[in-house]
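Okay, got some structures for you below.
Each of the next two complexes has chain A plus one other chain: chain B in the first, chain C in the second.
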Partner chain A sequence: MITVSGISKSFKVAKRTSGVKSAFKALFRREYTEVAALNDISFAIKPGEIVGYIGPNGAGKSTTIKVMSGILVPDKGSCSIMGYTPWLDRVKYVQNIGVVFGQRSQLWWDVPVIDSFDLLRDIYDVPEAEYQENLKLLTETLDLGDLIHTPVRQLSLGQRMRCEIAASLLHSPSILFLDEPTIGLDAVSKIAVRQFISRINQEKGVTIILTTHDMNDIEALASRILLIGKGTLLYDGDIGTLRDKYVDETADGSSSIEDIIVRMYKEYQIT
Partner chain B sequence: MRAYLSVFRLRLSMGLQYRTAALAGIATQFFWGFLILMVFVAFYSQSSIDSPISLPQIADYIWLQQAFLALIVLWFRDNELFQLITGGNIAYELCRPSELYGFWYAKLLAQRLSGALLRCFPILLVAAFLPEPYRLNLPATFEAAILSFVALLFGLLILVSISMLIYISTFVTMSPAGSLLLFAVLGEFLAGMIIPIPLMPSWMRSIVYALPFRFTSDFPFRIYSGHIPVNEALKLLPLQLAWLAALVAVGKYTMSKALRRVVVQGG
Partner chain C sequence: MKLFGKYLLILFKSQMQYRTSFWLMSFGQFFIPFSVFAGLYFMFERFGQIKGWDFYEVALCFGVIHMAFSISECLGRGFDMFSTLVSNGDFDRLLVRPRGTVLQVLGSKFEFTRIGRLLQSLLVLGWAVYGIDVDWTFAKAITLLFMVVSGVFIFTGIFMLVAAMCFWTIQGLEIANIFTDGGREMAQYPLNIYQKWVVRFFTYVIPFGCVNYLPLLYILGKTDGSPLLHMLTPLAGCLFLVPCVLVWRFGVRHYRSTGS
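Up next, the complex of A and B:
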């Protein structure tokens, strides 16, 4: 379903040291460094999988998601998702995917949430019956209730986040990219979102790629993880194997998933 | 098509909720209209030569400009779009199955129409009942009225396609200030918003006539007052359409270029 092979992407970053002197120097000669955000990333994902995509800050997780959702054009490599190349067949391809960027908003700030939803229905050309059915399901499972009639600017972060997730699913996508979807959620909403994610995965067979820093999210949802560090893919496989490998023998039996990840980051020297 | 209509509707209904802004706008436009007209009345009373445009035609020109300001000025802008580009929320716009140029075009069009709908009627109504020489006169002929309306609509489309270029330039410059200022000042002058084009010296007029800006306001308003006769206007209409097609083509091309190079930072 998803095949990514040899994707590389680098960004040009203007560099200078602090202070007026170097700022003045930069007026005449600017130094750029190439930062390799992604370096030869390859993996494949089967339909109906939930894959956790993890790595420390700045590892390239979001960049990968952006490449896979057709927003960024990579420097090298190829990517085929449901037969499309995301950045070439963008308009046709995105009809089939849903994306949640935890740090950004897709809802219109000044109008009630439902207005944004109705707009998305028209953008994706969702048939009315299907739309109503999805809306009902999303409202129930994400506990949106009255929220959808409130202007977005008056929602709290957690409330907005739940609406954002709903907004990405109105058109019944078959692949869902979640880039830190549990930012700012309280314990109750977090569990509601997790249950919801596994429910749409089981009932509708939606393929899900999830990035997060909350390892409990990963543990609750993903059986397979991809570990990325400094732009390179370091581990692709079962979360249980990882746990067995990095479990701390000196501690009394059970290490938390957080400890395991920290030890793993250390071994790969990517922190 | 449904998507473009839908964003048009949503932006229109959103724009119509800003009542206070519209009231303030109406007051400002009356003030400006009077101020400019008084200057012209003073000029015309002292002039001994035959002027290239009559005072009543100037009055029409000025009041129509003020009434339809939201349709004809380049500084009327959508800050949300600028934030979308510089802030990175464009990531979401890019994962929609619609063509971004048309989508933003519909948004900008709706914003301008909602602004004009709220403002134009009070201004037109009051200006029509002012004493001479300040009065907004009836259109020269029935054909002129229809034709100036059509020309104003095409002019609006031209204006939106010019302002799309400002938004597209933000992909490169990351700040809208420069291109906004440049387009706003130059565009306004070249559209005859500061000095009516018939009053410009002939060398300047030949420059202005070679550019698209005059089609947004000067052209429709002069048809209205009969300064450009109907048969001549019909000859110029294809040129207006050609400009529209050219500007949309340039906008679409540069936008697809810009999108290939887009970098969504952070997150």
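Up next, the complex of A and C:
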């Protein structure tokens, strides 16, 4: 379903030095350094999988998501998702995916949520029957009942995130990209979001790629993880193996997933 | 096109959440060009005419340009305010939706408070049409309509060009106001009152001359060449949008390959 092979991407970043003098100089001439955000990343994902994509800040998670969702064009490598190359067939391709950026809203701020949903229906050209059916299902499972008639700006973060996720599923996508969906949520909302993610995965067979810093998300949802550090893919496999590999080193024999990840980061020297 | 209407509707609903601010802004937008127009009026009161143009002729020019400007500021505000869309990363969101970028950026913001300016220009235009010494024919009325439409295209084109620059600079460019606000101030008078190079610039580079001066000659019956040619000049204004869209596309491609 998803095949990513040999993706590389580097950014030009303007060098910044401190001091007024150099800042003034930078007004006229800037020096750039090439930063490799992704370096020869390859993996394949089967339909219906939930894959946790982890790594420290700045490791290249978001860049990978942006490449896979057709926003960015990589320097090298190829990527085939459902037969499309995301950055070439952008308009046709994105009809099949849903994207949630945890830190950014896709809803219209000042109007009731349902108005945003209706507009998304028109943007994605969802047939009315399908839309009503999806809306009903999402409202029930995400417990949106009264929320959808409330303006977005009056929602709490947890409520808003539930609406964001619903918004990205209205057009019944086959793949859902979740970029930090649980960031800043309280325990109750986190669990609600997790339960819902696993439910749509099981019931509708949606393939899910999830980035997060909350290892409990990974543990609850993903059977498989991809670990990226400094733009390189370091680990691709299931959590069990990972646990077996790192668990012995702890004194009491039991170790939380958090500890395991910290140890992994240390071993690969990516923090 | 239907979707554009939907965008318009949802943003209108959003705007209506802030009614007081809407009325105050619209009020302000009515009086800013009003004071400019008052200046124009008193100038003609004192001098009678400028280079053979009388008050109503210039008022017609003024009305057309201000109307075009207010419509494009209302509908093309998404491009005018595009720098915020890029710098806060919301442009990425547009790219994961199955629609063209031009439509989505247009749909990202409308400035309904420009209704004030629109109303003001409508009044001026109405007054000018009433007072001007012209035998109105169907062709002339159509030409007048073309002038406004073409003006909208040109202003929107400039907004689009400036927005495309944001892909390289991220921040907005105040310098572009030379062409939008500056162009508006220049083009509210018939172009031949200016120096030759100004006229050339605003005819061949940014074709404001095509939306007011040249078709105005036709309306007034002052043409020395083919009247049909003058009548069709507003179309050239519409053509201005073509290179703008191309530059925009190029900018989007640059953005997607650099990610900044």
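As a convention for this text, the second predicted complex is superposed on the first by the 267 of 271 C-alpha atoms of A that agree within 3 Å, B and C clash if a C-alpha of one lies under 4 Å from a C-alpha of the other, contacts with A are read in each partner's own complex, and residues count from 1 in each chain.
Definition applied: a residue touches a chain if its C-beta (ideal position, glycine included) is under 8 Å from a C-beta of that chain, and two chains touch if they have at least 3 such contacts.
These numbers were taken from a predicted model, which means no experiment stands behind them.
With chain A as the common reference, the superposed partners chain B and chain C clash. Once the two complexes are laid over each other on the shared chain, residue contacts for A:134 go to neither chain B nor chain C. With both structures placed on the common chain, the touch criterion links A:64 to neither chain B nor chain C.
In the superposition on chain A, contact is made by A:151 with chain C only, not with chain B.
Of the two partner chains placed around the shared chain by superposition, chain B is the only one that A:179 touches, whereas chain C remains out of contact. With both structures placed on the common chain, the touch criterion links A:159 to neither chain B nor chain C. Judged by the touch definition given at the top, the superposed model places A:115 against both chain B and chain C. Of the two partner chains, neither chain B nor chain C is touched by A:212.
Comparing the two complexes, residues 11, 66, 69-73, 90-92, 94-95, 97, 99, 101, 104, 106, 108-111, 115, 118-119, 122-125 of chain A contact chain B in one case and chain C in the other.
Remark: chain A residues 9, 11-12, 63, 66, 69-73, 87, 90-92, 94-95, 97, 99, 101, 104, 106, 108-111, 115-116, 118-119, 122-125, 151 touch chain C in the complex. In the complex of the two chains, the chain C residues touching chain A come out as 2-3, 6-7, 10-11, 13-14, 17-18, 88-90, 92-93, 95-100, 256-260.
Those residues of chain A that touch chain B in the complex are listed here as 11, 62, 66, 69-73, 90-92, 94-95, 97, 99, 101-106, 108-111, 115, 118-119, 121-125, 179. By the touch criterion stated above, chain B contacts chain A in their complex at residues 2-3, 5-7, 10, 13-14, 80, 88-89, 91-92, 94-99, 260-264, 266-267.
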